[in-house]
Every structure is written in structure tokens, then in C-alpha cells.
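Two complexes are shown next, each including subunit A; its partner changes from subunit B in the first to subunit C in the second.
Take a look at the complex of A and B:
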């Protein structure tokens, strides 16, 4: 077997990914009420953190936060963190449940016998989830601008997009891993929920790294979301970055490569295991 | 009467047996509602540089925000239980293929629902007890024995109200089948409009809507007893309002269930997926 696939094979894979993406959009748009709820939900999810911050600060600024991050506006700081963290949802829920959903629809076995690697379907779901999350992101930015007067530095958009792209590479790896694990555990929502909860705790979403205990700080430095969220806030609202810019980019690339390899490996192992044991169709 | 009690007992046994088949799920619900609070604690430290805030005291009556959010998290376990456990229980029967048998049996549906509600209460109380232990030993939350009984009284009233709502949700599930989205929306609205994470006085609209949610009165009363050392005599007003909401929620909940059950039986859509 060749180390690198041929161009025609890559094109076939891309067609497979796009077909999965289009199929998912069709299903999603069939349930319009659910689609609208899905757009509003991430916004409502942010509110408790914002209102909690307001009740603590008695307004929207904090001198303590300014001392730690260089940003005094606690509301904007929190909102930016949570809005961009939405991409984690893409990985653990969107991609992670790609094959589980096919199982619900009763189409998993058909997919597994198709002449395309299984991870192509997961990446197709990733494509759909990323576009979906991107739309939600723009919608959220519009709403928080109107509701909270959150103003962002537009000049920082390009480097922010680079940070998002690098973060997404790692998250695709995570999604592949969750997707594989969901095939073993069946009720994979616990795997997704546990990973999501733990990553959100160690990622400096609504607080800087400095407030975390030393052990959690060390764990946090292995998370792509840490560098991405801090970098995004640096360019949009001038947060001080603990790590240099080049260092952040390079660490994100290294973490991305590691997570992708780990995700693919876990996915391949689980894929082989469930097919050998004949447990694929088990519910 | 004895046959009704038998039915309730068997329903409880069945649900507990099913729950025990998923030990990871038990661990998850016993621990994670507390873990979800941790970001709030770190956020608070980053914003006020400690664990107290004078601005917070003006709204919540206590400057200590950590016990405030921990108590909110513990009590909200009953919300999860009523929405996902009880509200989704009818959907689960439909997945298992047993819904038609239950609805077709000569048993009174209220007994089945009571059994489901009680089994959910038992499992939630186990989760809550574990969470209290984590909070006492892990976060230094203090709870004296004298406060346990009044808190239990308020919890009992809260559970009654929430399960009243869950009975309505179970009825709606019979009709719309896939109620997960609806459950999610209700969960988010409860989080937004009741003082689980923050004092509702922060926004007048939130404060107004929170008045019709039983969780609001329960949390005010429980925090009053547990955190602010207020005597029960000053909290009877909240307890009375909670009891009133219970009557409304249970009455409306059962009426909706009864109506929906009749409707799906007439339309023949019980077995539809």
C-alpha cells in the first residue's frame, strides 16, 4: 500500500466528505425548530457566566482581571472565551457522534461496507459541524454586540482565523477519538460530556491561566484550546499572552499533529475491534 | 389501593435495576454537577481576587459566592432528574418497546408515573448526598445537623413541583415523540431564569420570570437556611409560595398528561417512533 494516496483517491475521499456534509445539512434543515434552537442555545449557555460576572463585579469592569490579563472588561473577556470555545462542541458532539448517529438511522453498516475509509465520514461531519459553528459564531457576535456592546479589534481577524484553523486541526483529532470511543461505549454521550467538562475547566475561557492551581496549569498547557482562546483574545481585545505568538502557533501545530495521530490510531483500533468482535450492530 | 402500591413499588424496582446496570452513569451524575461549578469558582477568583464580593452580597445576601454556586449546583440535580429522567422516561419506554403495554394495561397511569417519580427522587437524593459530601470535604461547605430537616422539607416541596412539570413533559413526549430538544430548551431557560448560578436580582426581567419557577423559592429558602442561618419563621413565605406552585404544577401537569394520553390513543400514534 502506498504511503500517500493517489489524487483520484483523495478526490474520492473529498466527494465522500462533501456528501456527508450535504446529507447532514439536509437532515438538520428538515427540523427547522430544532435548527433555530441550536442557533440560540450557545448564546443562552453564555448568559449564566456573564450574569454571574456582573453580579460579582457590580458592573462590567474588574481591576483584578486587568492586573492579571491587561483587560478590565470582564464581560467582553468572558463572552469571547465562550463564543470561540463553541468549536469544542463541534469536536465532541458534532464529530464524536457522527457514527453513533448513523447507528440510530440504521445506516452504519451500509457505511462500513462502502469503499471509503470510515474516518472520511467523520471528517465529513467535521466539515458540516465547522460550518455550522461558524454561522453560530457570526450570529453570536452580532447579538452580543447589540446586547452587551462588545467591540472587537477588526484588524485582528486574520491572525484569529489562523488560531481557529490550528485549533480545529487538534479538535478533529479529538473528534476522531470520541467517534471511535462512541462505537465501543454505545452510550457515548458520557465520553463526550466528560471530555467537554474537563477541557472547559482547564482552558482559560473566562479566567486567565494564572488562577488555576499549578497542576491544572500544566495540563492546560497541553490543550490546544488554551493557546487558541488566549491568542484570539489577544488579537481581539488585547489580552496579554503568557506565551509568545510564534511559540503559541508552533505549540498549536505540535499539539494538532499529536492529537490527529492519536485520534486516527484510536479510531482505527476501535474500528477493527468492533468489526472483529461483531459488535458493530449492537445498540 | 394495595394493587396501586404494588405497581408503584414494582416501577421503582424496575427503574432502580435499570439504573444499576449503568454504574458509569451513576458516577457521572453524582460528581459532574459539582465539576460544572468549578469554572465559576475560577472565574470569580479572576474577577474579584478571592472568594468574596461585596457587590455580590448586595444581591445575594452573602458575599461568599462559592457556597452560593455549590448549593445551586447540588439542588439543580433535581432539575436534571425531573427533566431528563422523569420527562424522558416515557420516551425510554418507547425505545424499549414497552410503552404500548404500559398504556394498554388496566393500571392507573398515575401510579406508573408516581413510581417513576419516586425512583427518580431516590436516585437523585443519592446523587445529592454524594455531592453534599464532596462539597463538605472538598470545598469546606458547612452543614449542621439542625439544618438538615428544614432543608429536606423544602426539597420535598421542590421535588413535587418539578415532577409535576415532568409529568406534563412526559405527556407532551407521548405526542411529539422526540422531546430531547424541548427538554434542553427548558433546562436552559431554568438555568437562565432561576438563581442556580447567580442572584436573579441582577436583571429585572430575569427576576420577574423567576417568580413562576419553583426552583427560585426553593433555592432562596435553602440558601437562607444553609448559608445565611435564617430561622424558618422568616422563610415560611417562600415555602408557602413553593407549595402553591406545587399544587398548580401537579394539577396542570397531570391534566396535560391525561389529555395527551387520550389524544395519542385516539389518533393511534402510540407506537409511532
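Take a look at the complex of A and C:
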């Protein structure tokens, strides 16, 4: 077995990822009502966050928040944090459930006999989920602009895209890990739910890091979402970043590499385990 | 392990075990029965020649599907390995999978919300076919399967037989040299079964010279189609040969097949008696050197059952199986 795949194999893997993406779109669009629900739900979920923030601040702005982050508009602060955290959803629910979904369809064994590594399906799902989330993000920004008058700094779009891309590297690692674990723990939603909740708590979505207890602040610094959300808000609404831009990018890359390696490792171990135990198609 | 040029598949000492967990008191308490190690495949050696149609025959639970899953890399053997078209299934599983087309059992192995054509297009991409190649190949397969008119309909609207045709098309999408067909006619009506059997024998094996491993528990299917048959029982191969040679392994008696309503006691009549029950009708197969000699005894012994028919036949593969294993292909042990 060659250590590095040949060009033709790499091309096949890429073709496989794209096919997975296209297949998911086709299946998703056959459930039209659910597709519309999926598009609207994130919009509806943002309202409690906003109303909660408004009730605490007694309006739209907060001098305390401004002192901690450099941004006084708590509504804009919360909304931006929330809508960009949608990418975490793609990792733990979209990618994480890529193989679990195939178990439900009954097609897992059919795809696992194809000559591509099993992570190709997860990356294909990552592609699908990212495009999906991108569309939701666009609508969310449009709606919050109309409803709350949130205005973003358009010039900051390019570095924001870099932050998103770097965050996605880590999230792909997380998706691989969850995807593997979901094959062992047949109730994989518990893994997703726990990881999602933990990461959400230590990420500065609706509150700055400063309000977290010291231990959680330290954990927060190991999360890619912390640097990405802060960086995105910095370029879109001038939040203080705390660390320099290059430092943020470097940390995101290092965390990304670590998470990808961990994700792949766990995925390979689980793949071997379920093939040894014969529990691949069980659900 | 070396693969001679004439061999497409060699399996050596393949063992696959599963651990059956012991029962616990109230589901969470201490174990009241110990864990059990089940040998689904127990030291299988197998050689399949290029272009050969090789049958794996055995009752449910014999280990046929587990062996096929090991060969297709879906399961990892505990011991042993196999070489498929020159590629080791453990050391180079991706290369091995490139050479294999497989149909696994079950109706839900396709995406029901996609059309037949879209299903094949997806799998074509996984097997590395370009868009043009895939289109050409899909059109060809849809045509020979007689699905051209229905190819744009969703799989959920297909009949079981049509789904099986798409499953076989999926296995053939990359034109592999080796096919693993796991119970390809299971649950199909007679006309679809006939089509699938004829397609496997004439098109895939005789015309396209594919190497095929076919698992089945239908003895007629194995008898009609296979060049050689391995009889499996309890994870082991108990005999391998051509159907004709296998049938010569048992004494060349005549067999009196008696079909009746209710049960009769034919024990002690002839050499051996086997019984089976199909849809309320009990079928007895009584082996004897000369059937005419036992006819009156049979009629007398059947007094409590209503005889529907009596036929004189030759030993079948099922008789061979019973002779070798003491069990019927249905998995029941009905020797009287």
C-alpha cells in the first residue's frame, strides 16, 4: 500500500466528495417543507438571544459591554456571534451525522465498499453543510439588517472569509471525530449535543470572554470558535481582538491541525473497531 | 501469499468471530450468562479461478454473508486474509475494492429518494468514473436491465425486482473483474429471479467472463448456475466441487418424494428419511435402493396423513448438504 495516494486516486476522492455534496442536495430538496424549516429555524432561534440581551441592557447599547469589547451595540454583537456560530452546527450535526444518516438510509455498507477512504464521505458532507450554512448566513444577515438595522463593515469581508476558512479546518476535524463516535455510540446525538453545548459555553457568542470563570477562559483559548468569532466581529463591527491578527490566524491553524489529526485518528480507530466487531450497519 | 495468474480470489485461513455479550440481570446488573465467542467464519480457505462462477451454498447463519463481507473489506477478519485480483484485502483494501462489485442483501441499499439514474451516477463518481463515462455506462446498464423507461423515477416507486436490478447495475458500474453477489434473487418473484439468474450466467459469466462469487441458499440456483460450489455450515467449508461431483458423493439411491398433509412416521423405511414443511405441506424424501420395494410400507405408514403426491427423483444438492452436515438448507435438522 502506498503511503501517499496517486493523482488519479486523489481526483477520485475529490469527485467522491462532490458527488456526496450533490447527492445530499438532491435528497434534501425532496423534503421541501423540512428544507424550508431548516432555512427559517436559525432565524427564529436568534430572537430569544436578542430579546434577552435587550432586556438585560435596557435597550440596544451597553457601556459595560463597550468597556469589555469596544462595542457598545449589544444587539449587533450578539447577532454576529450567533449567526457565525452556525458553522459549529455544520460540524457537529452536518458532518457528524454524515455516516449515521447513511446507517438510517441503509446505504452505509453500499458506500463503504466503494474504493475511497471513509473520511471522503464526511468531507463531502462538510462541503454540503458549508454551502448550506453559507446560504443560511446570507439570509440571516439580510433579515437582521431589515429587522434590527445591523450594519456591517463590508471592507472586512475578506479577512472574515479567512477566519471562516481557518475555523472550518478545525470544525472538519471535529466533524470527523463526531462522525466516528456516532458509529459506536448509536445515540450519536448525545455526543453532538454535549460537544455543541460545551463549545457554545466557552465561545464568546453573546458575552465577552471576560465574564467567564478563569478556568473556562483558559479552555476558551483552545477553541477555534473563540478566535474566529472575535476576529469576525473585529472586522465587521470593530470588536477588540485581544490578540494580534497574525497571532489569531496562527493559533487557528495550529488548533486546526491538532483537531484534524485527532479527528482522523479517532475516525480510523472507530472504523477499524466497527469492522472488527461487525457493527457497521447496526443502528 | 501468492496469486497464480489463473486465480482471481484466494482466501487463506479466514476467521471472523463475534462476541455475543452475556445477559445482565435487569439489563444493568451483574452478568447472569457469560460472554460467548461466535465463530461466524472459522478458518476458510478458498480459491476461485478467473472467470469462474463460484457458489457459496449454506443455510442461514452458515457464514456466507460474513465471508463475503470480509472479502469486500466491510469486515476485518480476526485471522487470515484474502487476495483479490492481486490485492490484499487487509494491506491494500482500497485497491481490492477497485476490483470488486458487490450486491449486499436488503432492499434499502439504494437511496429511495433518488432516481435509479441518480443513484448510479452517485456511485459512478465514487468509483472514479468521469461524467461522460458514467453517462455511457449508466445508459448501457439501464438498457440491458430493461429500466430505460423508469430510470428517472425515484427508487421508492420501483418494485423489489427493479431495485435488485439497480443494485446489480451499481455493482457493475465500474465494470469490475470480480463480483460478489449475496443472495441476488432473495425475495424476488419467479420472473425477476429467472431474469437475474440468466443475466448472471449468460451475460456476466459466459459473455463478460467475470469472476463471480454467488451466495445463495437456493440449491436449484446453485446447481443451475455455478461451475463449482462450496458448501458452508457453521462457518466452515465442508465440501467444494462441481455440482455433479458433489451429487456423486452420496449413495446413488433413488429418492421417493412424498408430499402430504399432516405428519407421518416413515422412520425405518428405506436408507434415510428427511422431512421438510412448505406452506402446510410436509415433504418427505425417502432414500432407498429400489423405491418400488418400499412403496407399500410408505402407504401403510402414512395412514394418519393425507398423501398429496409421490414422485421418484434422483439425489439433489440438498440431499448432499444433508448428507454432509445433517441439517437442511432451511437451517432445521429434520432427519427422522
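Basically, the second predicted complex is superposed on the first by the 280 of 283 C-alpha atoms of A that agree within 3 Å, B and C clash if a C-alpha of one lies under 4 Å from a C-alpha of the other, contacts with A are read in each partner's own complex, and residues count from 1 in each chain.
Convention: contacts are C-beta pairs under 8 Å (C-beta built on N, C-alpha and C of every residue); 3 or more make two chains touch, one makes a residue touch a chain.
Note that the structure is a prediction, hence the values are computed from the model and not measured.
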**Asked** Just from the overlay, do subunit B and subunit C fit on subunit A, or is there a clash?
**Response** fit
**Message:** Just to be sure I read the superposition right, which of the two partners does A:218 touch: subunit B = first, subunit C = second, or both, or neither?
**Reply:** neither
**Message:** After the superposition on A, what does A:275 contact: first (subunit B), second (subunit C), both or neither?
**Reply:** second
**Message:** Looking at A:58, would you say it contacts subunit B, subunit C, both, or neither? Reply first, second, both or neither.
**Reply:** first
**Request:** Mind working out whether A:117 is in touch with subunit B, subunit C, both or neither, as first, second, both or neither?
**Result:** second
**Request:** Give one of first, second, both or neither to describe whether A:194 is in contact with subunit B, with subunit C, with both, or with none.
**Result:** first
**Asked** Tell me, in angstrom, the smallest C-alpha to C-alpha distance between subunit B and subunit C in the overlaid model?
**Response** 7
**Fill in**
Overlap of the subunit B and subunit C interfaces on subunit A comprises residues none
**Message:** Touching residues of subunit A toward subunit B in the complex: what are they?
**Reply:** 33-34, 37, 41, 44-45, 47-49, 51-59, 62, 64-65, 68-69, 74, 78, 187, 190, 193-194, 197-198, 200-201, 205-208, 210-212
**Residues on subunit B engaged by subunit A in the complex (per definition of touch)** = 22, 24-25, 28, 32, 35-36, 38-40, 42-49, 53-56, 58-60, 65, 69, 181, 184-185, 188-189, 191-192, 196-199, 202-203, 206
**subunit C residues within the subunit A interface of the complex** = 16, 18-19, 40, 66, 69, 72-76, 78, 91-92, 94-95, 97-98, 100, 102, 104, 106-114, 118, 121-123, 125-128, 154, 170
**Complex interface listing, subunit A residues touching subunit C** = 1, 8-9, 11-12, 15-16, 18-20, 22-23, 26-27, 30-31, 105-107, 109-117, 272, 275-278, 280
